[in-house]
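After this come two complexes, each holding subunit A, first together with subunit B and then together with subunit C.
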Partner chain A sequence: MSAPKFDFDIAVVGSGPAGLAAAALAASKGASVVLLDEQAEPGGQIYRAVTETPVRDRKVLGPDYWHGAELLGPLRDSGAVHWPGTIVWSVARPREDVADGHRPIQIGLSRNGAASMLTVRHVILATGALERPFPIPGWTLPGVLGAGAAQVLLKTSGLVPSGATVMAGSGPLLWLLAWQYLQAGVRIDAILDTTPKENWRAALPLLPGFLRSPYLGKGMKLMLEVRRKLTVIGNVTALRAEGAIGGDSALKSVVYTRNGAEHRLPADTLLLHHGVVPNLNLANATGCAQRWDEQQRCWRPTTDEWGATSVEGVSLAGDGAGIGGARAAAEAGRLAALDALHRLGRIGREQRDQLAVPHRAALDRALTGRAFLDTLYTPAEAFRAPADDTIVCRCEEITAGAVREAVRLGCSGPNQAKSFLRCGMGPCQGRLCGPTVTEVIAAERGVSPADVGYYRLRPPVKPITLAELAALPKTDADIDAVFKH
Partner chain B sequence: MTATASPKPDVIVIGGGLHGCSAALHLSMRGVRVLVLEKDHVARHASGVNAGGVRQLGRHVAEVPLSVASMALWHGIRDLVDDDCGFESHGQIKVAESEAELATSHARVAELNALGFTHEEVVGRDELRSLVPAIADHCVGALVSRGDGAAIPFRTTFAFRRKAIALGARFQEGGTVTRLSRKNGLWTVETADGARFEAPVVVNAAGAWADRIAAQVGEPVPLEVIAPMLMITARVAPFIKPVVGATGRTLSFKQFPNGTVLIGGGLLGRAVRDENRTELDFSQVSVNARTVWDLFPCMRGATIVRAWAGIEARMPDQIPVIGPSGTEPDLYHSFGFSAHGFQLGPIVGRITADLITGGSTDLPIAPFRVGRFAA
Partner chain C sequence: MFRRLPEIETALNAAGHTVSFTIDGRPASARAGDSVTAALLANGVTACRTTPVSGAARGPYCMMGVCFDCLVTIDGTGNRQGCQVRVAPGMAVETQNGKREVER
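Now for the complex of A and B:
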């Protein structure tokens, strides 16, 4: 095999805080860097549309959002190439049969409607987080959406809900969004807080750590303001979204259970949120090892202190490697960049370690108190592994009951659930059902989610058209191989 | 850990793919006590992730008698395993894109007819269009086998397993066979998790790992580990019933009842069998996509949502190894199906059971003897 031609030293996938910081630092030290991102503008989800948002009143989105703008200057000055509007659908691990130091990593991407392969030496995946699935009866009705999705609409388009609006769930983002709506003059009719009472008992021992968290002051302030101004109903243990009687039209009401009694609220919009989990699809499809995180109740790719994964030349930074928030993500991005520079021979080990000192300290500060939040906001079992009649896989319309029935027939984990039920085989590739299917199977088998495993995901990680795939550059040898078969 | 207190098996089957499960089922139907040892879980590899083609069409002439006999079992598959396995028979078609290719098809039919087989026929332009209205204009005809079809691979393999268990077979999953030895007429099989099992007879149905089992008894086989790739689209409106292949190119194309379209045919990625994983070669996937672009213009805007590859064994002459070991008594091979073993699953299990319980079979298996590779 001849020596491969490299398009760039480093590709960074995702331009949220981790990707922006990683690309800027790596390029500033002389590496050739390309930053690949689906969106038209940098920022990821947390800083979504930070350059372009129509929400110009800075107090609506709050200072933490505008912090994102500070990451853009260094990127511009660094010389990193930014390819917005680029979908990465495959990252192929390097082949072991190529000489060390020249092992190319091939990235499959779509840009301007055309697919192509990009060859690089190192990849930093900064794919961020996804909302944890929040399956309740009726969650597929029009009018029910994730609070994170609603927040994206606010950031990108200034869109806010109209009509009767209910928010339900738990976690910092729920409170932040309610607060942002308040600043924008939008009233939420009710917040249904599903934080289980018993979580406080588990979280209290972790409170001292949280008291030192940079998020404490800000979080308390906005939570108190929301509680003062809005109706907050606590200890909600069950939820269901309903359309018109006898029809599966749009959402009409939300039914919740509190202290054993059912109550009904009229609603045109229901915003659900149970925190976020790593968006690990690309890492998983690349073959990176992953582990079950009991504290965050999610799968996360296995990484070392630099974000290096089990696959040579592939590292991870930010929430895609485990939820830590935006500040932590940026620092993790810088650490991953330093390690990549070292692996590419651009800086020595000592220089890497020395440059990492302030970033590691900042990362530790940013993660202070995380355990308290993770523990307090762990969703109740009834929401993680819902009742039999609840749809868990939206693409294939598979209920929790069908998954349990498959377990009784011998289905031992999410991968077998794919084969038994087609669960997780739709276009979303498990993004909307993976955590739930893991929890349902584990509970039904009476084992830890760690023992049931997770979907083996397959490229293309994002759908591409047959036409794009057919037009990928091919060599004569490729075509000969087919005609000879 | 020792073997469980259950009665000692008469036969140990190594490999929980379709061939291992089928052998276990046919043996269990005859009252033979079977233990299946599977290193991962049943249908984990080729048996669970293949294209599901149930095809007599275009087979190597040595395989045709077995394939025809297996087809009869497929058409009564519910009677055999109490599950329809998702089997649907809408025929398989091999499209000819030129007059030269059509001439090849005519020659094929003549060859089969001379051997006494009539399941393949040539159809012209118009008949092709009535069978496959979406086919591209340039196609001139096709080779057709109307009794062929497709099934759901994992469901099929699992149905064989379930029925075998119902008849008394036992399955031990999660332990790789590390050692196979024979003493005083008894095989001892050891697995990586420290377990030992004994039985008078062993079946090697270990798929892409079968060469390692054969090597244990001094019987090296030139098995190549391959990773045929497949891809699937998002749902499109139903437009095609038969499974379509091509005469001059590599293709297997079929639409599931749910609207998704499966595209494959055997273009290869890379298998890393010691890690149970495969890597896709997107330049080859692209060649496959290009073939569909050419043959099915309506598919050009379809969305590809997933591509994958399974780990399979391929022999140098592209036909399997079936029958007794050449070096040891009471060891039977069933592997190396070279990426087209799914349809043969029901019959080869029966053949293996015939050999074990009766010493012979009524089907011609001489071409598949393991000794053919000896220098």
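Now for the complex of A and C:
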């Protein structure tokens, strides 16, 4: 057996729609490409387990899910190397120039329990999205999960909620999951819709754009079927998950407020969702500049129309660069791949621009109507910057009240909240609290989130053991750096 | 609480695609291909650990490797993300109390 190769033209991180499309296109044009992904099988979260799901009845997960399988053939035929089960914990450019004047990018990864370094000339980060944190009192109780998490359980294992089940929140994924449960014969006791009434007023002017969306019909049909067959309770303005009296070991009920009155529902499972945000930890730790997106109310790395970031040789594609959905992600992946091929000298500028034309048109089509969805499903402030008694940092168990108190003591932003509170310093590295802490501090200071900044993240972006790091091959210079003092 | 869709459970048992493992020493069974976390949920285990900060019970929240609430001890190694590891025959899964212990 020959030793694995650790040198490629292009590395693609993440095998969701953006990563699959980027890797396939780049490799089909002759570049050596490695596709790195945490999961055992390609698909990302949206097409999770598309090669192996036990849910074989295609009507349950629906045609948009099975569309993901169409991205796998081109990847197989392209010659790209796929390394599943691979954790990327660092992307960096070493300080020293190598002999030929190029400074390749080094990627720290962990595979089968062993760390290694990969050398590439370009990297496309396709790290996708994660569910926007939905901080309510009691959201840390066992039995409270993200709707996206429940969908992963359905796709990968055919697991569905049993016992009393409540879904709460807003956004397309919530309706899609409820619809998928209906197709599978699973009934949800209630859906608590937290979409703010006033969002409709702001979203209406954007409706004409949405009416041109190719996905409109499907989404509407699905939502209407759910509304017809399940109990949907609208205008929910507050939510609380509760365990047994005096106990905190598991969820027992969900308390919601509607028209100023509180109501209680028994619940064994509560599935929360109010949209997704870019999974930007790796881009942030790589040094990519990011900006606050007021419309999507999230931080997003700054990119040009090819996905290129502020760091030379590092591009972004898909929801990791701003939420656009799976179809848009695949097209953005192809555009990033064409630009990478151009930067590596494999295709000329004109050829890049010409090849990009159909993909740019398809990207525009896929993004049609997105502004309407973003505006309609912007979560209410009460759920973005919750009341004082709500835990915002799940790892360190820091409440919104503690963050506000820190602001009164002079804490100016999320990065500073780390030294005040250890907020954002647990194992999730701010993924589950970052957007909330940004909103809480900005509101308390009376400034825009853009002014408070975000966590400054550092590699490793995923935990890695000392034993793994210590086993990395070392040069004499590495050893000198430790011993000569 | 979660259950397997009945047609999948039936097919699973008929084809023998099950995996035997243990949860805190008790024998349990899951579908080959399940993550450790999915296997715990399929066996009625909703809470998989207590936190090192307050000792509160926690269970899985994200199922995609970002929340770190599904941490368990697998074959003697603590702090493993159960949702990122596939259950294997004979695997010893333990719920985790508080922080990871030295040498675990």
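The criterion applied here is as follows: the second predicted complex is superposed on the first by the 470 of 485 C-alpha atoms of A that agree within 3 Å, B and C clash if a C-alpha of one lies under 4 Å from a C-alpha of the other, contacts with A are read in each partner's own complex, and residues count from 1 in each chain.
In this section, a contact is a pair of C-beta atoms (placed from the backbone, for glycine too) under 8 Å apart; a residue touches a chain by one contact, two chains touch by 3 or more.
Note that the coordinates shown come from a computational prediction; the quantities given were computed from them, not determined experimentally.
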Side-by-side fit of subunit B and subunit C on subunit A, or clash: fit
Partner chain in contact with A:G108 - subunit B first, subunit C second, else both or neither: first
Touching partner for A:M117 - first (subunit B), second (subunit C), both, neither: first
Touching partner for A:R93 - first (subunit B), second (subunit C), both, neither: first
Partner chain(s) touched by A:Q416 [first = subunit B, second = subunit C, both, neither]: first
Touched partner set for A:P427, first subunit B, second subunit C, both or neither: both
Which of subunit B and subunit C A:L469 touches, first, second, both or neither: first
Partner chain(s) touched by A:L159 [first = subunit B, second = subunit C, both, neither]: second
Centroid geometry (CA): angle subunit B/subunit A/subunit C, rounded to a multiple of 10 degrees: 90
Subunit B versus subunit C as contact partner of A:P459, first or second or both or neither: first
Lowest inter-chain C-alpha distance for subunit C and subunit B in the superposed arrangement, angstrom: 5
Subunit B/subunit C common contact set on subunit A: 426-427, 463
Subunit A contact footprint on subunit C (complex, rising order): 1-5, 7-9, 11-12, 31, 33-35, 38, 41-42, 46-48, 51, 53-54, 56-69, 71, 79, 83-84, 86
Subunit A - residues contacting subunit B, complex: 90, 92-93, 95, 106, 108, 117, 287, 409-410, 412, 416, 419-420, 422, 425-427, 429, 458-460, 463-467, 469-475, 478-479, 481-483, 485
Touch list for subunit B against partner subunit A, complex: 41, 43, 48, 154-155, 158, 162, 232-234, 248-250, 258, 266-267, 270, 277, 279-280, 282-287, 289-293, 299-308
In the complex, subunit A residues that touch subunit C: 38, 40, 45, 52, 54-55, 57, 130-131, 140-146, 148-150, 152-153, 156-163, 184-186, 248-250, 268-269, 279, 394-397, 426-428, 431-432, 463
